[in-house]
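Every chain is named by a letter (A, B, C and D) in the order it is written, and numbering of its residues begins at 1.
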């Protein structure tokens, strides 16, 4: 089961992960974007963590909402509304839950991804974060059906996200800034897919 | 990096403080969240117009806030979309009860952040319409991509919609006029040098001493083609053909033309470019009815220029000629 | 050399053609000899005001021709004084019977060429007064040298004298006001990069990637000191002290302030500089009553800025506020 | 005696001399000025020569006046009004003369120099063309007093101008653009003094 504290630990760890990958994500973005994705994610999760510390949230829903608002307010660009919407919808999916079981975790990610797709209108293989999130969700659903626990479920999601992330390399971008590059976007890994992979991997490392 | 700044992270804030100090008669600047509003906002009964985008394009948008143009501008960090809280606060600050138009340049980040802001405002009962400007002919348009970038036509749309709002048009009418401007406006830009984002500290792209980039975006995004530098005449013909053939503009058309500097190109060159554009359009039977020559939508200190043409009928010309009083654009007042 | 031009030798002519095409409602451009006059020149009974100097400082002076400012501007080649035949023809074209004021920037060439033109005009019975602007505190003043250069105060003098002439002041009065402006105005400039004269094809001076030149002239002449680049705050304090201590400006003084870009510095930085200047002057008890922030007297594409302060009394402020309608400066109309 | 044709030959030759020294004079000006003196002189005398060919002058006075107007109209900067005034005053000094004897030649240069000084207000050792012209005039006057002919007179004038030109090297400029340089103007030969020396030397080579 995933408790409020597990969610807080996740955000806490995500802040460290994005700080550590700030340069890596920015370098990926400099190849096909505007060289700020790592800076954006670092800023967003640093704020999210600080807000959560300033006003400890009553429950999971409140925690995720706080993260959403922090990302929306401080990230900007494409990633701000996308991840902001992800957490806003995820929060709604957890309303009134003190703990999440495996099905709730799937519901959380499913709602989040639906928000990303509604906001960004990207389809699979547009070379965006959807290319990591979507296979991850599929893997979770499969694992849930197979009766796996949260840990295994998130581990297969992480593997699927990593594959999806790597699969963005040969793709030509059709959404976001990278799409202006046309064919020149081919051969580079999408920064948003990478930050999404890290998000799922971090959950897999912490939750069980 | 050589800039007249203090710390890179303070550029936007300190520059806004300069705007506040210089133009207290015209605008008020709010910090945290950052936005610039007309000194007399909200104007009761008038449609409010809010625009915004990354900083580094000055005078756009803050320089266009004032009577007859924008009610508010939301500046993001340099070349970074502002966030929904800025737009929400700005929208509330200018809402005079007749609804608010968001004029958005077509970049994924800008579009999505404005969309969230519009949802937040609508949730609070403010009527919001959004128009996305996507006029850059350098980018291939397609339903399956992010589409064309929003560039120079934004300036013309803000002026014209501002006039419509000022004379009392309702929200739907102002938004329709904005869509009409977008439908009839086309732009293209080119660069001789790169710009340097203060936080990045180094030029956005490398370019040889004899090269230019045609079809560049206003954030230093690569353009259609990198080529050897050509004469002003050849450059204008190249960009002019791309623009004219796209709408297409036809013999007998009247246009509002803008020859816009990217920030680092001196006025003596912009007038020379205007001369070439005037000749070029004459050759096509197209008449320049009104024009702007200068720095209006820039990319920091990039050298280069862009050309915008807006096919204009009497309605648009009348709105263009209406009084405007902002830090960067002023006539009739 | 990267410029939006055709042939270097045609830059001035083709740029003037652009001005003519863009601003036919405001000005007429004459070629051979080159000069720009108000569209309604000569204005009968009004004192005419003529200025001029090398090209490459746009919008100065051509951008300041129009109602309430200059009657004519004589552009020389880039950074080269115009010749007496230009000034003579311009003076005749704007003489409305009340005499003509020549506003001259203090460079040996400009002074002597205007002097010859004045003699030629006087020989033909036109009353001419000349006022030489020499406001650059970066240059040591002395009776035995060419004296200080004329820089930013020229812009303010042209605006203020234009207003005086427009309201009907006679030649002596307008010339006296011009001398008063010059006596109360002080400027200083700095550069981050060099400019490139089109005919020369290479930068006027070399400067390291971490250096700036303080006290530079508007033709890339060396300044007071070459030093490592500093923050905007430090730069403003350095230039501010030099300017304030020179007149001296004192606590309680009101000033018209201009933060002027050299051509290649973006507006976002100029407003940041204005913010620093405003703070700096506040600390000295000096109030900015009016201001200009932008590119007004430039050095082609040089990056850098200059600061001009003019101690202003009610008379000067009233003339400053009077309507002006030129390509580059417009209010009240 | 110096005839109208001698004067025309002088202008003709000056055009060649300044064309040949265009780069040299410009280089001198680039050290302490704005790198255009050679360009300016070349442009001015090319125009002067063309005008004289287009409308052949009736006499010496007309020839010098045409040169004056050409220089005034096309040279600009400091050199335009200075040399323009030189030739304008020189023309006046030759009014109604069909030929110039030695005393007339002195009078021509004396009037010209007076014009330069009146126009530019330079004194000796201000590091200007006056530093070449003024000693040259003194030498002419001395030679005239000593009963020398035009040829010898102009030869001593040339020597004096050359010495004066070289003497500008250690001087600190107090007039013109170079004066903004202060001490940094020391160590460079003045371009205007150099063009003045060439003007006198060319007369000495042709007139007798």
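In this text, contacts are C-beta pairs under 8 Å (C-beta built on N, C-alpha and C of every residue); 3 or more make two chains touch, one makes a residue touch a chain.
What you are looking at is a predicted structure, and each value in this text was computed from that prediction instead of being measured.
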item	value
Inter-chain centre distance, subunit B versus subunit C - centres from mean C-alpha coordinates, in Å	29
Centre-of-Cα separation between subunit D and subunit C, whole angstrom	33
Whole-Å separation of chain centres (CA-atom averages), subunit B against subunit D	56
Chain centre separation (subunit A, subunit D; CA means) in Å	80
Pairwise touch network: line, ring, star, complete, or other	line
Pairs of chains in contact (touch as defined earlier), listed by label	A-B, B-C, C-D
Interfacial residue positions of subunit C with respect to subunit B in the complex	2-7, 11-12, 14-19, 21-22, 55-56, 58-59, 63, 78, 192-193, 209-210, 212, 229, 231-233, 235, 263-276, 278, 288, 291, 293, 295, 298, 300-301, 303-305, 330-331, 333
Footprint of subunit A on subunit B - complex, ascending	33, 76-77, 79-85, 107-109, 112-113, 115-116, 139-140, 144-146, 149, 199-200, 217, 219, 221-222
Touching residues (chain side subunit D, partner subunit C) in the complex	34-36, 39, 72-82, 84-85, 119-120, 174-177, 179-182, 184
